[in-house]
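Below are two complexes that have chain A in common, paired first with chain B and then with chain C.
Coming up: the complex of A and B.
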């Protein structure tokens, strides 16, 4: 019964290259002189991601290929998601490239002599780059995993480095360590739920592959209690990563406490990976159960929209406000996921899932730019994160104020920015002919977006009409400036011509559904 | 012996762990409860593998142990750093970030 394991290295190359780069990064950390480490680490990280992207381009036309003994499924959505994740990771690494944001020695007690001397003598540790690469490798594996064990390992490879990175802030280290502890404990808690759910899915189908589980669900002779326990617990583990209510408790604390550079990472690419995986699990594995998980998603999405938007209004801390706004945006994204199947009819599925995919990609782009701007303001020696820190930003730096304003308008869903089309396509999917009972949810979602517009536009007001608290201009390295401007322009351009990205999303989904 | 009993045991261990995470205050104990939950999942995997006579579940149990070991490394690193700066591992004390 045993076949010879064939690994198909070319299909796995993007993931393996990133892992290799991470290992080289660890070696550099051990053997290269402190002074030169930071720049070498940055080059290795960027180069690795670039090479990985090239190797991904070489396999871009695969529609459905299995690798590593059926554990990894390289198909349309997987390749598309991996490409997007690599692109986002490249941007993110460029923005976080400045090691001044990170503690010189994570193990030193905050405020101790040891820490001071490490900063003064420039003994800066740069473990953040290999950690980022490990996390990226996990994210690349996540959308491609096609059995429960690969899924679990990818989940952990993605999460563990992020827990550590959350605790690496140079300034306000106690906050940062606390964020790391909270992120870790809640993250580990949710992965335990995921694993227990996976055990019951295995107990239901006696198969660890998603295809096997799908077959068992259609067969319908096995124990349904096991199936429902499995579905519930596994979804819980995945939705924790997405950060939807009621699994959102970690989001505000981690966003606020983690160094902004890491928040940018946590708020971006993992959302893409988790979305891709949720879609693969629910659609590839458990599509016949759509009626059950759709009801579950309705509850989650209503909760996320409600709590996210209302709690965001009360925040004075910018990062915390953006965390609650993330929760609300994820609620909106879930609407796209839940409106695919109606009465067992999957005709509308491609449309709905691609709208959700479009939503999450554009959301991540916007997050990247907005946290990038916050990060730049922090360079002057203090951690900028109160909304009042943005006061009069337009007079200090029109460019960054402009980028931030574009992001906020896009998040609020103002046309012609990309956020508007994302919301529109999700609502279209929800209200498509053949969908039943979508109208109330659609009205609710639009009402909640209106509430959301209040707190986004309040920041625009602070940036443009309030008096600045300091007169210092915002200085940034040239490359970061280019990346942020590009990012802001992308939000605008994708808003004016959303067709290209929409088509890409739709194509990759259609390939996956195979209909 | 009826294999279903192992599933009941696994569910009980999982529940003890899940409740423990919520009610205990020491970060180390919370962490031990999470490990208990992972082991409960392991027991469920092995039991299902035994009922069905396939090896997949048993292999997964090994993977889980490795992953749990990695989690211990990362978790203890974070908890020890916090302990060194605060002299306390209570999760209630770690509340600078506003609720």
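Coming up: the complex of A and C.
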């Protein structure tokens, strides 16, 4: 609307604050003594996220404000997703707060003298905190981007720190570095697809803004081939982050190889960000093409449900199993995203998109808690990520076994936990238009969830009915204990009274669709 | 009229029961006192309501209380409501009155038991459930109480479940009752399908519009329910084994109250049976068969409690018979039920008192001459005995005599048959009850040297004495001036008031004389037969009839051959089907899933190049999909 170079700092404040915190973190890394670094970094990270959240609250009532030369769109869904991402990030940073999970010196060659001396002298580097903040800044920008260039920048800002962090494991460093490299290569590959698609969309519409593309689609005179290729390739770049089949292959390897603390980061907030952006692209930019991308999402969700659930059964590694479970869960979420429009009728859209949003938020909450428990198990001095390591957990640490069981039951969709309600609302959205295709997909999804219940509940069985292989109990700092308990309780409470969160989701969507 | 007090009748004992169970061992010291006081206060409420009811004119005596709206599905509305009318108050007073006496008795009887508190919690639970049964204002509310008393009965029969045969007895009672319960639930379903309501008043209103077939169906299903709960033929087999429970339980549940629930059910459903002659005829036949069946078993039992149980079965047979006789019979059935509640409970407590003094020995062949050692027990038991065999002016005479008389005066040839059966039953009753008296209290002592028979403490003989007074006086009090018949009239035959002109085939005097002669003959035979020495071990060279009577007229053999073995065969077949066919199919599915899982796992090669290829191929496949749709 305006040509004067005004950035509207207040609208961008949440993002800028996080970036600022990250820069301070880099400086701390350079100038503060090793011993005090870890706790200072942790405090800075938590404080930054907190202040960012406060500044977000100040602009919470904006409905469609633009900033930074129209490249950032601050509206209902953006603010809601940013807030959720900040909350999740806060939880996540608290859970991973202990730097013992990470290698002392990432640049040292694994097994070298340099590495040994770094460990022995306690020269622990803490770059993970600034990296996390950079990634969070990318995530915050992601759902607010309103043109393809900004979107690409956000995508890279979010991804690059995560690639690095995946290689930071303290134990089994080669494995971790392999995962980091794979993640980076495939991420770069999908980014290339994204750029390629962006070029096609530009070729179609002569615009890089979502609004411009939208206008061109409605105009409908231009080259349809470019549009469809562009749609597909841009979506690919986003759905790669979501981990939908067939763009899923990195997920198990990276989840397993990365340090559990980083897996927790990768499996959490980025899914939220990617979901929000996918929705923005498809709904804000390309809604008239719904019939095309819905078809695409059907294929993706069927594939994700099928591959994710079936492959998870054969896994013996807990993190790998949860990776496949993520793929399956994202397949379920996509169902919500694809049920919005039926025969050009958008009346049911708000329900469908808010059900998908609800699904992804609750999924991320559950992931946080379950990886948090795995993280604590690993503290006991050995890598604890095989399913058998959980044997008899209930006898050793009933609290964590309980949290884990709540997570697993929720993932399996057992009432009264939140996972049940999430699945229910997605299926309701799918069935609302009353079409046969929807019914078939719903039946398929339920069958696949049934298979899913098997591998989730098997872990519950291992935790509660198998004899423990070791007598080690799980100890955790008080704050982590509180966070995990709170998280588990939240999964239960949101399942019992889902109304509040559901209303928030619906309100933010309605605000966006209403314009 | 509505009332707000009725709920306390049920709530008090229910609360107390849960309270004692939750507190556990902490309540061991005072739990029995607490439970007894609760039971007594329930009796207090009952008595208060009774006096209030007396003060009201007969047409406005019924009270109702709506507790909450229970089920509300479309047009199907059921409230949890209570109804206290002339019929239910009779039961309320019996249940809480006899119940309280038995609570008191149990304080002493169970004093050496580790789990006395639990026993009292169960007793209170029984009181609550039984009160709900008689106070529910619809078949569905009644059903809840019906199941509740079934559970209480199961828990109390198996109270000493450390003995496997006692646990088995509990299970047997439960299973037999379940068969009857199915009848009740079917009756409720048919009633709902026919009338669209299951409340007593609603059904009664619409009964004239229903087909005879539906009414007969409901009636037969209700009868099935009654045979289960009231141990009537063909579901009678559990009652004898139910004597495994502590004796106060036998007195309260398996003599005075719960087993009479079937009589209550039929009386309460009078509007159905009066319009379903076939079902009514079946009621009469079942009653006649059972009264003979029980009486005959009673002649051969040496176990004092089992002899009394057989007698209970027989006496309830009388009541069922009376309920099948239409409007004239209901009042006599309930009257006999009340008098029976006194004398049979009294005799069971007497039997418990004897066992208490004889180290829990139940075999009457090892008693003998106990009258000298336990005079109070002998006297109270003796009064009960005179009542049950029907000697005037004791209670049983008034109630039983009326039933025999009504039976003889039933229409057609039916009257002669059932009247004859009732009369013969009276003779056999006199015989086996005299046998019990002779074997237990008179003659020479046959007990072991180490037994030291002694009179029971006051807490035990006090209740026995009160019940004995009831055995003496209740009959006269209820029947003089047709008091009870007119009391109950608004409930059972208000709609049949003009139906009273039945044939007077026999004058009352004639029937009474015949009944007294039968009693004298029965007593005489027993005296002649057991005058001489009684062997301590039951002789085996007895007549065929005695042999099968000792085996409960082959009831268990019949059930085992006809129901149990085919049932086991069917179960085996089903298990085999389950394992081979169903599980086989399930395992195949599971194996297929795991197989495909392993297949998919192979696609996860770990090579970045193949992952990248997968993404590329996926992109092309999706592009193709979109293309197909767009074209």
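The definition used in the following text is that the second predicted complex is superposed on the first by the 508 of 515 C-alpha atoms of A that agree within 3 Å, B and C clash if a C-alpha of one lies under 4 Å from a C-alpha of the other, contacts with A are read in each partner's own complex, and residues count from 1 in each chain.
Here is the rule we use: a residue touches a chain if its C-beta (ideal position, glycine included) is under 8 Å from a C-beta of that chain, and two chains touch if they have at least 3 such contacts.
Note that the coordinates shown come from a computational prediction; the quantities given were computed from them, not determined experimentally.
Using the superposition on chain A described above, determine whether A:185 touches chain B (first), chain C (second), both, or neither.
The answer is both, since A:185 touches chain B and chain C.
If we overlay the two complexes on their shared chain A, which of chain B and chain C does A:494 touch? Say first, second, both or neither.
After superposing on A, A:494 lies clear of both chain B and chain C.
With both complexes overlaid on chain A, does A:406 touch chain B (first), chain C (second), both or neither?
In the superposition, A:406 touches no partner, neither chain B nor chain C.
Does the superposition put A:253 against chain B (first), chain C (second), both, or neither?
Both partners, chain B and chain C.
So, A:200: does it touch chain B (first), chain C (second), both, or neither?
A:200: touches chain B, not chain C.
Considering only the touch criterion stated at the top, classify A:295 as touching first (chain B), second (chain C), both, or neither.
second
A:164 contacts which: chain B (first), chain C (second), both, neither?
first
For chain A, which residues lie in the overlap of the chain B contacts and the chain C contacts?
Comparing the two interfaces on chain A, one with chain B and one with chain C, the shared residues are 181-182, 185, 189, 193, 252-253.
Which residues of chain B touch chain A in the complex?
7, 10, 14, 17-18, 21, 27, 30-31, 34, 37-38, 40-42, 44-45, 47-48, 51-52, 54, 56-57, 59-60, 63-64, 67, 70-71, 74-75, 77-79, 81-82, 84-86, 91, 94-97
Which residues, counting only chain A, touch chain C once they are in their complex?
Residues in contact with chain C: 181-182, 185-186, 189-190, 193, 224, 228-229, 231-233, 236, 240, 245-247, 249-250, 252-253, 291-293, 295-296, 299-300, 307, 310-315, 451.
Touching residues of chain A toward chain B in the complex: what are they?
Touching chain B from chain A are residues 106-107, 109-110, 148-149, 152-153, 156, 160, 163-164, 167, 173-175, 177-182, 184-185, 188-189, 192-193, 195-196, 198-200, 202-203, 206-208, 252-253, 256-257.
Touching residues of chain C toward chain A in the complex: what are they?
Within the complex, chain C contacts chain A at residues 593-594, 596-598, 600-601, 603-604, 606, 608, 610-612, 614-615, 617-619, 621-623, 625-627, 629-630.
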